[in-house]
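The same chain A turns up in both complexes below, where it pairs with chain B and then with chain C.
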Partner chain A sequence: MALKKNSSVAGNRYLKIFMVAFALAVLFPFSGSLELSAENFSVSDVWAEDAAGGEPAATEGEGADGESAEGEAVESNEWKPAPPPVLETKDYPLIPGFNSRMWVWYVAQLHLFFAAFVLGVPMFVWAIELIGVLSGDKRYDRMAHEFMKVSMTGFSLAASFGGLLAFLLFVCYPDFMSYMTSIFGKTMIFYAVLFFAESFFVYTYYYGWDAMDNAKMKKVHLALGLGLNIAGMTLMVVSNSWASFMMAPSGIGDDGAFLGNVWAAINGPLWNPLNLHRVIANVAYGGSLTAAYAAYKFVTVDPKATEDRAHYDWMGYTSFIVAMVGLLPLPFAGYWLTKEVYGYSQQMGITLMGGVFAWLFILQAVLIGAIFLSANYYLWCSLGRTEAAKRYYFMIKPLGIVIVIAFLMWFTPHTLIMTSTEVTQVGGTHHPVLGPFGVMAAKNTAVNTLILATFLSFQIFRRAGIKAVGDGFWAKNGTAIQVALYTAAMGNIVILGVYSYVIPASVRIGLSVPQVCTTAVVIILAMIIDGKMFKKSEEVSETKWGQMPMRSQYALFMLAISFTWLMGLMGYCRSAIRQHWHVYTVFRDNSVEAFTPTLPFAALHVTIIVVIFMALVFFMFWMPILASKKGKVGAEQKAH
Partner chain B sequence: MKDLLKIFVFALVIIFGFAGYTRYGLPLIIPEAPPVEEKLSGDITMEQYIGIGDKIFNGKGTCTLCHSPVGGRAPLLDTIGSLALERLKDERYKGKATTGEEYILESLVDTSAFVVAGFGKTGTNDTVSPMPNVDKGAIGLSDVEMGAVIAYLQSIAGVEVTVALPSGDSSAMPEEEAPATIKLAESAAEAFIKFECTMCHIGPEIEEGGDMGPDLGGFAATAGSRKEGVSARAFVLESIMNPNAVIAEGFDADTMPDDYPARMTFAEFNLIADAILGVKNQ
Partner chain C sequence: MKILRPLIPLTVILILYFALKEGVPYLGSQLHEGTWPVIPTSVMKMYVFFIAVGVLLIFTFTDDGFKANIGPFAEIYLNPDRKIIRFVSAVLVGCFGAWVSYQYVKPTFDAPVELRSIHPAPPSNAKMWGKTYSIGTLKNPLREDKENFAANVKAGGEVYYKNCFYCHGDRMLGKGPFWDGFTPVPANFVDIGTIAQLSESFVFWRIGTGGPGLPSEATPWLSAMPVWHEFLSEEEVWKVILFLYDYTGHSPRVIEPHH
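Right after this comes the complex of A and B.
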């Protein structure tokens, strides 16, 4: 036993040494040459250095280094930024029977689905593991481990699709990639090398889970998880810089020629809004997919295995909460991104929200509405886990009516800003009766109502099985104060919404801020009051995990599917908003496929992509099940 | 297995449900094809040049994204040809133009030279325009194309078109791209017949007409007040180009053809609008 302990300690020591050495090996190559955050970093120096055969480029007055034997200046040694080429259709490689654009679209979207999943999951896995360590409750640890198990196949698939995408881009769009690498070449190498760090962290984090499950090594394990998240986040922001550059290029001259400062090219106007939006969306998306996994297990597990059902019910609930935590702030990150799009180019902003893409946002409202409806339905079903929740059943119907009305108002279109031809195609600009519900005044009111109603459903669920005890002020008056809070907030939101109709548009936009603040204040205050109310509480009836109707799990599936479809749609939107440009305003797409797809065309292909993705997700879900079956067979064989 | 099958079916119903809603629940808008540079021959007429300006204004130039009665994001330009000289005298004007034509050109390539009150970027006190320079970036109009737009704007304002026709420089104007012959109506009466207005309307310059559409005889008196902030001529323009935008009481939507933007030239619209509004031409 002692020997075993000693060898374990020695093993841990070696593991630590190895990890430090690996981290140094990964970071060392970048310590000198790539100072991404430095304002004065200049790729032109690096290129000039390369052109001079590894020697520093000659500068004025340096003499012989910059001159040939004949004393003439060697101009070829000077790096000169080149504007993007003006391409013709014949410049794009044509492969018979192979549609470059469709292939890139499909593979890029599949890569993004898996990448979002495997970047989002480790974030909340790490948080759940930390909760488990702090609370000492091993159930959290088991759940976090299982989440990682599910995502492991996702890492391989994300990397495979990423590799395929890179090859496709270089094969199908060589001139475009040449231009992009001339600006972002160094960051691309950094990105590729960072994969080693990501791989190191993900494998040591996952495979070291059991080995490090002791008081001493748990901290190291958490550090590995942190490293995994940092590596993943860095990968994401680096690749985001390429995408945001294509939408809103920076660090280049009027002719599109790179000015030499790679940081200026990275730090474009849309980079940070895109980073924030994707981080939050990744968490929401990761939560929705793991919720679907838990639902899948809940549905397929042996009904007699009550412990397993309880575990997967709890897992589904936790994933669901993670998805909601990501979903609620997501619209605000989206607003910031759109605001920056307008700030960068009003023309792009109007095309996005009021032009040819305007109907897309009605579709987006339908999808988000579907997410809210399924979320609320799941919460109402969750009340069935505890007997005492019956006292809240009377609230379900009014909440349902409010949510459906708000949802209908949200996706009612009003006036769409279009060209005269588009107006003709649409058959008018607004509906005479429903039109007033389509303006932002109604939409802001509807969205805030939706969020508040969903939070109220969540609050009901949380207190379903408990009651406050004692004679304290909050225990006695907390609920009444919360009712007053909700009533006042709804009154404020509706009054501001109605008032918005009678004031100029410029003032109206400003009113959305107090509406959002009202919602945020209610959520925060209601949580604080809950904390005070139930500081001393008793269980009225036991929460029976696993006691959920089967149909509730379909709400979780709907959540995941709606999220996925929505991501596919917005992926099309973000990319198509560039219209006929590879890099907006500077590098035109003159390929035969340089058209903006119609919404039904895009929807059809998004649908096919989602079907392919869902098939792969079932494969991903099946992998850990297969692995556990092998384990059982092995154990049975050993027993014999 | 049965449960798995149910999940599959459920997932497919949801996924295809979204696609179906998009296909059958939303109107189909066909985005415009990527713009191409207008190719002009050296012997085009001014009317054709103005027609090209009309096409650019409503298409490649993306001007109507903002300069339209619907959007309200930028001032309407139907009178800019006549307003230009007044703008030059405005104390807020900081450009270098001396003529109306130069002013409009300056508005296209140096958009902050004069910003109409209420249309500047937020927080700039109307000193910075949100409009991009149209000779650069995503729009990227050539000099010849901008000339066509200026000619079009001067024309719809009813002022003299001062823009010179493009020269026959062979490098800029491929010979093989001769413009198609356009048979233009030369009078309001011809225009009404050409566009089959007489099938449904009666009114000035229409000897015999139908009654499926409103009588155009009273249009001159009411057009200017039908829509707040929309001039009579702009209202006529909208009524022709987007016939369902405002439906006169007692008449049905979707009965008037909606393809005039593609068929009618500016000059023909002017003939019709002048007749309807009772404008007497010299």
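Right after this comes the complex of A and C.
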């Protein structure tokens, strides 16, 4: 079993192909031309060579349904995959003054930030474009176009960091990467090819926007956008499978040797939870960054240019809504992911939530709270856009109080830090009445309350300037019914929360489901009632877009920064619970840099990465402005 | 513009601070004996920070509110005619800063504050009685033995009262005769935060290897819990585990098997 370093032959071949493909993919966005395409580089040729060379080739796993059940060894006399080698320190290239681990960390994180952004943005850009087409309102189209403009620099940066990451991984961790390529080689090539597709779509979609802006071509344009999203999404789920494999390997034997079925390796226990969480998070993240872009424009644009201000105010608002729609389901996707981590390995789960990393989850809760607070503040400030909103001001204080209380409950840590005097005073770590703090029962109650309160802020904002007219049933009783709905829901959530304190842990978990359902039902019903109530409505006072205080825009910046930080910390957390393993439990990391950093160390470096990223983001925001300055002076105005 | 207006949100924050610091423990002690007399400082700091932020947000979301509550700062620090109040406020802020710094640097006898994990992740394997146990898959062999269950529990009780009660107490509340001599204090088994949320294999590991067997996340205070595999037999440990769950009425956590 303890095979000494035995790099697999197949792995090395894929490795070369992958490197070449990636180098091309990185150069491609910078070349600025569309001529370079998959034709210049034919994967099938290389594969053909494989076969012709008579060297043993990897067994086809995907097609072989009949012969191989998932995860079972594929019988093949030609090629036996090697188990991962047992490495020693000297097997890792040592470059004086260069810390592989830290470099890979930094570059991977920066790549993920940009990639999440450029995958998230086209999803809602496409939706907004579609809304524009369906409603015939040109403003949507212009806004969608401008969102794409912002993400274009991000696309190049994502690709550059991705290329650098691949390069660093292969240079710094050759044996590990050769093991990974021996399993995922095919998907890696698929990834590289997909990247070409992504580039093709991104460029045609963005640069073709104006040219295709006519009745006949608009459909083609929308199809390009769809292609872009499909390519992007596929890219992401493919690369997610590598990360989830490293955490919870599947499709391999006890000794870590690949069994031959790629699908079994991809479809590990953490793959789908990770996919779901990331897709949603990417939309939310894209929204928060474009909101920051709009805020940046709002605060820098000439205050007298009221039209521009109105435009950026509206753009900021739209992005904000996108971020919120993405935000609300995230806690639940997060819980699913964590649950699966526990399910896969109790030890990993304890490390994650109860062990060394527990404190990171407090930081996470604090940042999520910061997101909720900024979001509510932005909504409250938005009430200032219309005079008539004053009649709702009385609700803000109680709402604020509920939000703060729920938030304090939500981040109360499970593992408390106490001075030794406090420990003796307290006499234990568990409260005699409340038991342990920071348990899911309390947190779920808090987070559902938080979501409902935020949604209520949003509802208030929506009806700020209008009132229902006519004497239909809903127009007259809608509000009363909604009040009853909220009251009943809060009662239900709180009672379930208190009840779950007195029952055993195994039953308790199940109670979070009715709590979530309550929240979801309230949100949906309230929306429906709103729709019926305001079917006929009249403006009480005009809504003045652009009449927003500067401080509300800083709430949008806060949102973007909190999101970025959150991603950095959680991504670190997810990756680091593998501890000293390249691939959990089968392939040990024996490099000198393999260590699990202390929390302050990790938090510090994540923070530095966030600062670097934010600096690059400002560069990214500034690029389109620069570009339009170089062209016609009026070009920018025309673009929106 | 009323220059003292910002004192309103400030007072609100202070009141909430004292309500948390003094009010909550007081109220708790009235409702239930043995409630914590303090909220740990680390948590308190976060609470106060976010309460302050929340109060500020609520007070400043309208333009009027913003002007009334934030404007005076500009008035104090930028208006040349406001010399006296500027001077006074600078002194006050300076004193507050000095007080905070002093709190941080003043010498104390306390051990440094560090995050300690009470239930650290168990190692996958543990060595006891010269054998290696796999914690992930280990089961209590006596639990299936329905026939001798009562006898085993009784024997476990004997083990407990001969060995454990000095620290963990006769009613398993963690308050045995020696309890307040230790940091960390002995575990309270009635509490739903200890054995109630652990699997038997985890408890077996913790009893077998004791304080010295804890991994590094449980430092800096390796607990005083003895290394019981040096004093008891494997069977005695399983019996005492049966007894712990039987006496407290908790059932051990069962780990769902995964695919």
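Brief remarks follow.
By our rule, the second predicted complex is superposed on the first by the 532 of 640 C-alpha atoms of A that agree within 3 Å, B and C clash if a C-alpha of one lies under 4 Å from a C-alpha of the other, contacts with A are read in each partner's own complex, and residues count from 1 in each chain.
Note that a residue touches a chain if its C-beta (ideal position, glycine included) is under 8 Å from a C-beta of that chain, and two chains touch if they have at least 3 such contacts.
Being a predicted model, the structure only gives us computed values, none of them experimental.
When the two complexes are overlaid on their common chain A, residue A:494 makes contact with neither chain B nor chain C. Once the two complexes are overlaid on the shared chain, A:168 sits clear of chain B and of chain C alike. In the overlay built on the shared chain, the residue A:603 is in contact with chain B alone; chain C does not reach it. Look at A:366: by the touch rule set out above, it reaches both chain B and chain C.
When the two structures are aligned on the shared chain, A:177 is found in touch with neither chain B nor chain C. When the two complexes are overlaid on their common chain A, residue A:347 makes contact with chain B and with chain C alike. When both complexes are overlaid on chain A, the residue A:625 reaches neither chain B nor chain C. Applying the stated contact rule after C-alpha superposition, one finds that A:540 touches neither chain B nor chain C. When the shared chain is aligned, chain C comes close enough to touch A:403, but chain B does not.
Taken together, the two complexes place residues 345-348, 350-351, 354-356, 359, 366, 415, 417-429, 506, 599 of chain A in contact with chain B and also with chain C. Across the complex, chain B is touched by residues 254, 296, 299-300, 345-348, 350-351, 354-356, 359, 362-363, 366-367, 415, 417-429, 506, 554, 557-558, 561-562, 565, 579-581, 584-585, 589, 594-600, 603-604, 606-607, 610-611, 614 of chain A.
Those residues of chain C lying in contact with chain A across their complex are 28, 31-32, 34-38, 40-43, 46-47, 50-51, 53-54, 57-58, 60-63, 66, 110-111, 113-122, 124, 136, 174-175, 180, 183-185, 187-188, 191-194, 196-197, 199, 217, 221, 250-251, 253-256, 258-259.
Partner chain A is touched in their complex by these residues of chain B: 3-4, 7, 10-12, 14-16, 18-19, 21-23, 26-35, 58-59, 62, 64-66, 68, 70-71, 73, 122, 130-132, 136-140, 238, 241-245, 253-254, 258-259, 261-262. Chain A makes touch with chain C in their complex at residues 269, 343-348, 350-351, 354-356, 358-359, 366, 369, 373, 376-377, 380-381, 383-384, 393, 396-397, 400-401, 403-404, 407-408, 411-413, 415-433, 435-436, 504-506, 549, 551, 599.
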